[in-house]
Amino acid sequence: MAKTLNIGLVGCGFMGRAHANAYRQVGPFFDLPYRLVLKACYGRADNRDKLEAFAARWGVESVETDWRQLVTRDDIDVVDVCVPNHMHHDVVVAAAQAGKIVLCEKPLAMNTAEGEAMVAAVEKAGVANLIWFNYRRVPAIALFKQIVDEGRVGRPFHYRAVYNQDYTIDESVPQGGRALWRLDAKVAGSGVTGDLLAHSIDTAEWINGPISQVVAATETFVKERPHAETGEVAPVAIDDACMFLARFANGSMGTFESTRYARGRKNRNTMEMNGENGALCFDLEDPHVLGFYRYADPQTGRKVEDHLAGWQRIHVTNFDHPYMDKWWVPGCTIGYEHTFTNTLADFLTGLHDGSPAQPNLRSGLRTQLVCDAVLESARAGAWVDIPA
Amino acid sequence: MAKTLNIGLVGCGFMGRAHANAYRQVGPFFDLPYRLVLKACYGRADNRDKLEAFAARWGVESVETDWRQLVTRDDIDVVDVCVPNHMHHDVVVAAAQAGKIVLCEKPLAMNTAEGEAMVAAVEKAGVANLIWFNYRRVPAIALFKQIVDEGRVGRPFHYRAVYNQDYTIDESVPQGGRALWRLDAKVAGSGVTGDLLAHSIDTAEWINGPISQVVAATETFVKERPHAETGEVAPVAIDDACMFLARFANGSMGTFESTRYARGRKNRNTMEMNGENGALCFDLEDPHVLGFYRYADPQTGRKVEDHLAGWQRIHVTNFDHPYMDKWWVPGCTIGYEHTFTNTLADFLTGLHDGSPAQPNLRSGLRTQLVCDAVLESARAGAWVDIPA
Amino acid sequence: MAKTLNIGLVGCGFMGRAHANAYRQVGPFFDLPYRLVLKACYGRADNRDKLEAFAARWGVESVETDWRQLVTRDDIDVVDVCVPNHMHHDVVVAAAQAGKIVLCEKPLAMNTAEGEAMVAAVEKAGVANLIWFNYRRVPAIALFKQIVDEGRVGRPFHYRAVYNQDYTIDESVPQGGRALWRLDAKVAGSGVTGDLLAHSIDTAEWINGPISQVVAATETFVKERPHAETGEVAPVAIDDACMFLARFANGSMGTFESTRYARGRKNRNTMEMNGENGALCFDLEDPHVLGFYRYADPQTGRKVEDHLAGWQRIHVTNFDHPYMDKWWVPGCTIGYEHTFTNTLADFLTGLHDGSPAQPNLRSGLRTQLVCDAVLESARAGAWVDIPA
Amino acid sequence: MAKTLNIGLVGCGFMGRAHANAYRQVGPFFDLPYRLVLKACYGRADNRDKLEAFAARWGVESVETDWRQLVTRDDIDVVDVCVPNHMHHDVVVAAAQAGKIVLCEKPLAMNTAEGEAMVAAVEKAGVANLIWFNYRRVPAIALFKQIVDEGRVGRPFHYRAVYNQDYTIDESVPQGGRALWRLDAKVAGSGVTGDLLAHSIDTAEWINGPISQVVAATETFVKERPHAETGEVAPVAIDDACMFLARFANGSMGTFESTRYARGRKNRNTMEMNGENGALCFDLEDPHVLGFYRYADPQTGRKVEDHLAGWQRIHVTNFDHPYMDKWWVPGCTIGYEHTFTNTLADFLTGLHDGSPAQPNLRSGLRTQLVCDAVLESARAGAWVDIPA
């Protein structure tokens, strides 16, 4: 008999919607030992209409306008944190102290210090926890990792990651407010570094192991913007763009870049890795495709015939591909929202088996540390070492 | 206050699952005037376990092992037919006679005669009805149609469609049974013609208007297969592959092909159209992309500068693209299952507004007629005219 | 010591230029047992300036305004025919009778009857001969053939070819005259069938063996055009577009299409082949790329791992690729003109070795026969059988 | 009457061959006021056979085994330097002092100091001069520049360049000797920085104006290699890979990377630029294609309709595209070698018109300066400023 898990959603914006959908969808598609109930969701008291509409739409049983109330309710098993970044710390610490399972959106925190406190809290409480780096569960990215782990890339030489968008180029785009809090440094902590590069760094270290050194530069192209709610024009304090060079402990070289000013790029989260035996590349704008250059077989050392070698375009929809046996049939794609559902399925399976769900908050703290080192390097104009 | 519509699913195989998901998902993503309840589902009595598991998984309130029972239940408003083709006629006619709203999977029927009776039944009963040519609601295909309607293709010269797969090449693949009834002519009616080309024809006529003439050839590459349930080796009576030439009433030339023997192609449903002002192309294996060659503006006649002209790869995820304002944000894709949800949303909106939902069964009958003409041409080895 | 071969070019238009370049370039890039001398070229007396400019530009030693004069000159070893189609017959027959080596542009002739006489002439004279189906020597197409011959496609199911362009859509494009004789039926014989589909058919039969049956349809979209020289508006008698279905003797199904009305397509000569072991595809607009789907190894039967299978994009510039060891280094492409040079190199090597150079005029006659059957089928509106 | 220019080729390796071909081909394809004669070529005395074979193959009238002899011959007008980098300085200075027109392969020199002396020599002598950054004359790269100059990119935000290859991964590849002198620091000066990044930097500054600041890292993955001629195993002193961040004076951010260890990449010289009005991208492995994202028209400010915007794949073979009116017809590609021919044509046209041919040696010196700053930054582990 499936155990019931009651979910409390702290946040009902874009990410709240993506998570609500995952809770709703994971059941019919995965065989799980839990029955999930959307028990409560939190939203601001000054926007109660939106909160209640959200609850009605997603079948959430109750609403709260005080998150502290929600995280201590006896009928809540899981606290899922999808409010803006500046609230992560307080909500996570409170939820952990209340003994709740904690799921937290990325980036973990406003900075490493906050993140350390959060990790301390969940570890002290001994509660299961997860950070939503959902892109690890894009089937093609999971396959990327699998192929690396099979030795098919071999000794690594290069890794490069780009995460580019173009939605803030217009100077009239405001900062702050509900929809655009990501442009407000007091709420977001940083700009593209925490929002986008955090994904790139999480994936990079998941695949390669630790980055040991970075040198970075950031830029804010539009210096002032009106505030969405007050209309007041104020300096923009986030990084519009960030680029950095990295060295990995495994000897590989890395280049990273992110911006919201790459005209023509909507959600271009790419990664490429080149090694002795092969190479891989991926672009989130074509999420069902993995590029693979097969050079030599790691077991036999046999090389692909020279006249037959070429980049393969793997259509990651076969039954043998990660997660794809749960969805439709070969040739039929899934989309953005499924990355959350796949993540949730893995977390719940791990929860039931008692094995650690990854990435947990400690893993998120590591990414936070690298992000902070990147921003520090940009400020200092110098290379920064990152402890392993 | 949203009116409740009680759904009865007749069929709980692959398509039953896709539809059940659509009923579940349409509510939170579209603002609809209906509340949908999965009231009952039908499955064969000799597989009651599977039926009950399906109902539990999808939250269907009750099960029936006699579809006649289901379609006459007073608490059912909508009968959704997703059993194999040979049952469509009887279920649809009975449901219409019972005054139910009828939704039917494609192809409409085993042949035109059956289809005519079905259309007569729903029209006599005056019930709203729909055939699930779900690919019309792939956002990129809907955009294809929109761009044609905007005059951006102009006088049409060519249309070509391919629908290729590769999953039946192995001679050991059985025919018949639950999973592979599409290879059994007694159940499926035809092979790729009804299964795949029906989609291609529906889309082609939706965009171009009627096909007036065809000449076709079919092939069955593997002549005998074991039956999935009995093990008996029997001749294969379906068409493994079908190709045809067409003339459209609008003066355009058409080529069509479908096969399940195109090694390397998983769900390659492509279409290309070339006209005086521009051209379009699409491939369902990259469902979020529409190719567009812009040559001249239909209003002004202004041509794109010669040095700047090229095929555009439209990433069909902008808010201005069909359906995409209902899902996520630009750059974030949706997948196969959403085509059913989009279809359902349009049907329900039309139902409420009293405007005809397309494609309805009459539209499905037209496609059936063209499919039959194609098969007749292949048998006769001659061109066949198709009345408008 | 390299033997000298004196070349006489009959024609100095677009193809004369392409051939002149090949004679010039073949020497430094291939190690050949011949020294080639451009001895004479023919052009019309009423355009002597153009003829002399051509000779000066390409280092041709002399000019002739009477081709009969040229083909009988004692100092000419090779007659290369690149005048419009309606002259092929007379020039080839005369050159053969004069004992010259004969190279002839495609299509071979205005019709099969002419072609038969031409083949009879060269065979009676016992002279080496070649038809310039230059695309066989696109490295990627040569590799296509090689991979098929290695058994990597295996039992063939499908072949499809398209040759589409868009340069005659505008109604103001004239017919006839020097540049646009391809639109004048009296000079060209046919439209896209002889001009473009002849290439597709030559390649298709080279790879698959004979086509045994076709059914075709043609269209002339613009019914009247001004003549380029007289300005007189006259009916257009060529086929603007042609599409046909085919059956190959090897059991494979084929679709073919060609048009000059495919907006956005400049020189889209594509071919795709699907078989039991693998599949291949090619597009002349990306001439350095061959698509290859590897499914099973023909020797061992071993299948590619399901999670690794995908279409490969072979960048056909490796030293192991056909012809590419003669040019630059991996990654560096060659272009359109090199297909002529490669063809010439193969012909000259074969000439020296006494082995037949392919495709010779007899091979060109076969293609002519298929083209004529296609046009006959279009006229008759019926399938036409083609003897092997 | 065309003036004769006598060419002296100093070098007959891979680049000597590419240049010899350009001298041979420029005449028939471009209408030039010069007649070019390959008068002499230099090669090492200890490899006279190869030298003479080269001269015979390319029609060079005489050979020299002492380059000083060649550059002072009265019958030489142009000295073209395509020996390895460590000889550039001496040959160029001597040629300039002898009053010859000087063409020099890239990179200009072993270092900035050498380069300054070379520029001083040609400027003092007042001789026309050119550095062979041939990729500026890839039609698609020339079109890239043209579109930027037309204002279609607008305010620039980002530029990124990659130049990756994979041919030295195997540890058994030797260093030094004729074919592999690029791995020998004493002959090449640097590794990928001078060989590959020099191209990327030249193109970047041509398009964007000066780079003002860089921070770089280099790596040598294979630490020791046998020498090709002596067999002696010695440390490898070149950079196998180099990556750097840049800031441009125009406010744009830049990322650059080059390696010979990018498995699967043969000659991947890419560049992408994002600006307010549009974006461009290019990959030398598909040299006939330019990617263009059109957002807003610089004159009118009119934006592309949101539902129609997408990356265009411009097939750079139209008559309106740079250089393409000189070659074949739309849809027909040119290749690697044509970049040299196009360069030569521009140089000769400029020479005749008295207008400066770009890039000249002074421009090459600028690129050398940036390369040296990059290597200095990598050594120092710090940002380095570059004077404008």
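For clarity, chains are labelled A, B, C and D in written order, and residue numbers in each chain start from 1.
Criterion: a contact is a pair of C-beta atoms (placed from the backbone, for glycine too) under 8 Å apart; a residue touches a chain by one contact, two chains touch by 3 or more.
Everything numeric in this text was worked out from a predicted model, so none of it was measured.
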Interface residue overlap between copies subunit C and subunit D, same or different (over half shared): same
Rotation, 0 to 180 degrees and nearest 5, that superposes subunit B on copy subunit C via CA atoms: 180
Chain pair, A-C or A-B, that carries the greater number of C-beta contacts: A-B
Distance between the centres, which are taken as Cα means, of subunit C and subunit B, whole angstrom: 41
Whole-Å gap between the CA centroids of subunit A and subunit B: 36
Approximate Å spacing (C-alpha centroids) for the pair subunit A, subunit C: 54
Junction residues of subunit C, two or more chains touched: 265, 311, 315
Touching residues (chain side subunit D, partner subunit A) in the complex: 157-158, 160, 162, 164, 166, 169, 215-217, 219, 221, 241, 243-245, 247, 251, 253, 255, 257, 259, 261-265, 274-279, 293, 295, 311, 381-383
Contact footprint of subunit B on subunit D as seen in their complex: 143, 146-147, 152, 290, 292, 294, 305-315, 318-321
Touching residues (chain side subunit B, partner subunit A) in the complex: 14, 18, 20-21, 24-25, 27-28, 57-58, 165, 167, 265-268, 284-289, 315, 317, 327-338
